[in-house]
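The chains carry the letters A, B and C, assigned in the order they are written, with residues numbered from 1 in each.
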Amino acid sequence: MKKLKPTTRSNIFTYGALLIIFTVVYILNNGGVISNNISGLLIPICAYVCMSISLNLTVGILGELSLGHAGFMSVGAFSGVIAASALRNVTDNGTLQLIAAIAIGAVFAAIAGAIVGVPVLRLNGDYLAIVTLAFGEIIKNLLNNFYIGVDNSGLHFSMKDTASLNMDKGTVIVNGPMGAVGIPKVSTLIVGFILILICYAATANITNSRTGRAIKAIRDNRIAVESVGISVAKYKLMTFVTSAAMAGMAGALYALNYTTITPKKFDFNTSILILVFVVLGGIGNVRGGMIAATVLVVLPELLRAVKDYRMLMYAVVLILVMIFTNNRKARGLIIDPAKKLFGKLIPKRGKGGDANG
Amino acid sequence: MNFLNSLIGGISLGSIYAIIALGYTMVYGIAKMLNFAHGDVIMVGGYVCYLAMFNLGLPAIPAILIAMAVCTVLGIVIEGLAYRPLRQASSLAVLITAIGVSYFLQNAALLIWGSNPKVFTSVINIPAKSLFDGQLVIKGESFVTVSVCIIIMIGLTLFTRYTRAGKAMRAVAEDKGAAQLMGINVNFTISLTFAIGSGLAAIAGVLYCSAYPILTPTLGSIPGIKSFIAAVLGGIGSIPGAMLGGILLGVIEILSRAYISMELSDAIVFGVLIIVLLVKPTGLLGKKIREKV
Amino acid sequence: MKKIVALLLVLVMACALFAACGEKKSEGSQSDKPAGEVKPFVIGGIGPLTGGAATYGNAAKNGAEIAVEEINALKGDVQFTLYYEDDEHDPEKSLNAYNTLKDKGLQILLGTVTTSPCIEVSAQANADRIFELTPSASSTDVLGGFEDESGNITIARKDNVFQMCFTDPNQGIASAEYIKTNNIGTKVAVIYKNDDAYSTGIYQKFISQAAKVGLEVVSITTFTADTATDFSVQLADAKNNGADLVFLPIYFEPASLILAQANSMGYEPAFFGVDGMDGILTMKNFDVSLAEGVFLLTPFSADAEDEQTKNFVSTYQSKFGEIPNQFAADGYDTVYALYNAIKKGNLTSDMTNAELCEKLIGIFTSADFKFDGLTGSGVTWATTGEVSKAPKAVVIKDGVYVGYNG
């Protein structure tokens, strides 16, 4: 084998692993081997994995905490739903609708990202976090007051109620707090998987490029970066908008997997859930975040076995994992022996931006 | 008159946010962690007080003391079990743990006390005061909440300024390492902070439930988030800032609902927060952080 | 990687630890293993058992469990195995719960309890041809095929879905007409929860019907889940506009806060609630004098004197220590409605889901299928999926419901 850069080797390993996992899952799923429950989780997992990659770009690589990422997801979700519903009059091809929805979702979420990013990225730390939280809530509140419908004469919009849409025998797409109902269920596993690949490739490219080095340098020492003439604002905004666009794509994929979505779904709790993926996977460790997203979506379903204690157990697992991975003594008890056992099976990854060890 | 009524409503709602925000800001200022479980400690405080009054038949004051004792112990236990092992970890790891603790408390409460809401009996027996032929009504709860809030704020300020433990707290907040070198027991100080913060949460819980007398396992989450926002608005870590932020948040919330838009009131509140932070990035009374190169 | 290894380890440990007691528990809750050769129907329910809406899901679940126990105790030809799954009032989780039920061999679905999740699940159940009878998801989008005023349709009719409760528009229309014909109020204020499908649905129909019957609406105010504590602004608006009746198309917890706050500000209009108001008297320690004179639409009253209700209430109280509300009664009735339909059609549990679904649709829409339950007698179902129960208004007097007749 020719000498490859460690990052390239690590990326090839990841793409290979992803492809194998996907092929196996796809075959098993189509063969009906996987239970209905897990099979129904596959597309949401794709969406959440993309969300995890997206937030990792902001939190891990840019180093800014965002507590409102679900807001961008909802912008993508609702604009994607409107696009797909409007396209129903044009084409019957579900995949085409889905791709258009994802593209439109990405564009709108990117616009939202820019609107939020321009004023906000001059703040730091917890203050930035709280402003992103505020934006997430504002987006939710606005969407709760959006009424959008489509009839033969085109799209109608109102902020009052469905009656003021002035439609003639049309279809209400977004009905305020009731959200979008009657969404075409067009999301497919293959598109979901391709979306993961796109998000991962984009992130890997950014981190391993000149831009990425600038961004990571901003994370590690902003003042030093400024002093060598790199425009902090530009790179910060660029990363943030890219991250928002990814969230928008994930949102569109997510929404078109259901017949109904409500603005309430994309609240603070969902933002936090996505943050948990990132922190659990290791801040800045994109692959870890992807695995953590998968595990944390499946976990509550597995915990259905414990009935009433389900969410209690979920909380306990969350706390224990955080303690066992972050406390040296606790780690010595379980993880190090386990690492000795499993460690040889897992190849060492390149230094591709692992901030947290 | 309407404006005055709304203003009074805003102040009494805001003073509850303020008490909760005081607990938030204490813990954040000293332990440098966002304790998202704080709102759920409030819920526990409310439930314990309810049980002491309703099931044990105790009068209000002992019931509040029991609630405070339980919450103080709970705060110390949570800190010892969940947060202390993460003292060296990144602040995000602690944040996620705090969220885990929050889920845990909510779901434990659901299992113990059931999902059916319970109605809290107000611990405050001061009748509402009507002025100007009943055009202006000030509720007894509002009097008490505002005064308790001011007392706590003054008490905390004096405590952190003049007592040994309080000075230790400020030292830990400034620099943990240096404080330890000066012979301050950092772990004890942080535990003490949690104990005080949780005790305050119990008072906040009782007052919150007196004003809005419905007990459910999730009652703490929304005031929790709002008070967190209030603490940030006032400048997190600052005790008078938490009070100011809380009251401002309550007033903005009520006034925007009354005079601008009912539907978009949440968006307006958060919009104000964003504007304040853009103009004053460390909150209203927050310390300026000087950047070192 | 360390974290992932750790996560997996903790996961395995947790599952191993709890799998054992989990299994035992699930056996315990289906304690009524059928006797003899009868193979039970596998029925499933979905509702919020944790989170902010848990009180509704748990009530419906408890009601359904009592009904299943009673039916299985008869040791007849029809036996049920009931599984109830949590959806946290979230469409995504609800679909997961539904898929879990399918893995357990679901034949007939009793759910889901809340509206948005039900819209999601009923679409999937429709595609899978599984019969669904929901106890309390009241939006017309659950059934599909309804036109609004301008003739707009959001969802096509899902022919396998039926409701045990009356629909949101029905309640909005009935409330407006009731207030007008009985002259309960002349100037009406509405306070509704504008981030909630149920509340907004009723509100929209109420307003349009009020305009039709000539009811004057003087104040329309809203709140959201995040602002469901302080109602001073809303009440002041109603008071200043001279409203003598406040219409509350909301659930009982915020309603109880509104009653208390109106009382403390000395504002005493008539209050008119819908079926979500039922349950207000069952809250522990509630001061019933606050609810004195409150009107509400409810199909169920825990104080009713008939034998069936009395038995249900006493069983419920001894089992769960609470007075059942309308959700519990709806949960109970869904099981019995299903039981009667199965009896009537001589259906057996070895039929395929699609067969059961088609037969049950036929029975439920047939003119001679009438159901007598806790929430109504002589109840029939239309092909639209709506139930024929008429919304009945009661008024609260001395802490009990009293029938209101003009």
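Here is the rule we go by: contacts are C-beta pairs under 8 Å (C-beta built on N, C-alpha and C of every residue); 3 or more make two chains touch, one makes a residue touch a chain.
All figures in this text were calculated on a predicted structure; none of them were measured in a lab.
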Contact-pair count is greater, between A-C and B-C, for A-C
Chain centres computed over CA atoms; the one at greatest distance from chain B is chain C
Between the Cα centroids of chain A and chain C the separation in whole angstrom comes to 34
The distance between the C-alpha centres of chain B and chain C, rounded to whole Å, is 35
Residues of chain C that touch at least two other chains are 49-51, 194, 224-226
Expected list for chain B, residues touching two or more other chains, is 107, 110, 263, 266
For chain A, residue numbers touching 2 or more other chains are 137, 141, 144-145, 280, 308-309, 311, 316, 325
The chain C residues in contact with chain A across the complex are 1-11, 14-15, 18-19, 21-23, 25-26, 29, 49-51, 85-86, 88, 90-93, 95-97, 99-100, 102-103, 115-116, 119-120, 123-124, 139, 141, 148-156, 194-197, 200-201, 204, 208, 224-226
The residues of chain B that touch chain A in their complex are 34, 82, 85-86, 88-90, 92-93, 95-97, 99-104, 106-108, 110-111, 225, 228-229, 232, 236, 263-264, 266-267, 270-271, 273-274, 277-278, 281-283, 291, 293
The chain B residues in contact with chain C across the complex are 2, 5-6, 9, 13, 50, 54, 107, 110, 114-121, 128, 130, 134, 137, 139, 211-214, 216-218, 222-223, 226, 253-254, 257-258, 262-263, 265-266
In the complex, chain A touches chain B at residues 59, 65, 119-120, 122-124, 126-127, 130-131, 133-135, 137-138, 140-142, 144-145, 223-224, 268, 272, 275-276, 279-280, 283, 308-309, 311-312, 314-316, 318-319, 322-323, 325-330, 356
So, in the complex, the side of chain C touching chain B is made of residues 49-52, 54-55, 57-59, 194, 221-230, 232-234, 236-237, 240, 253, 256-257, 260, 264-266, 282-287, 322
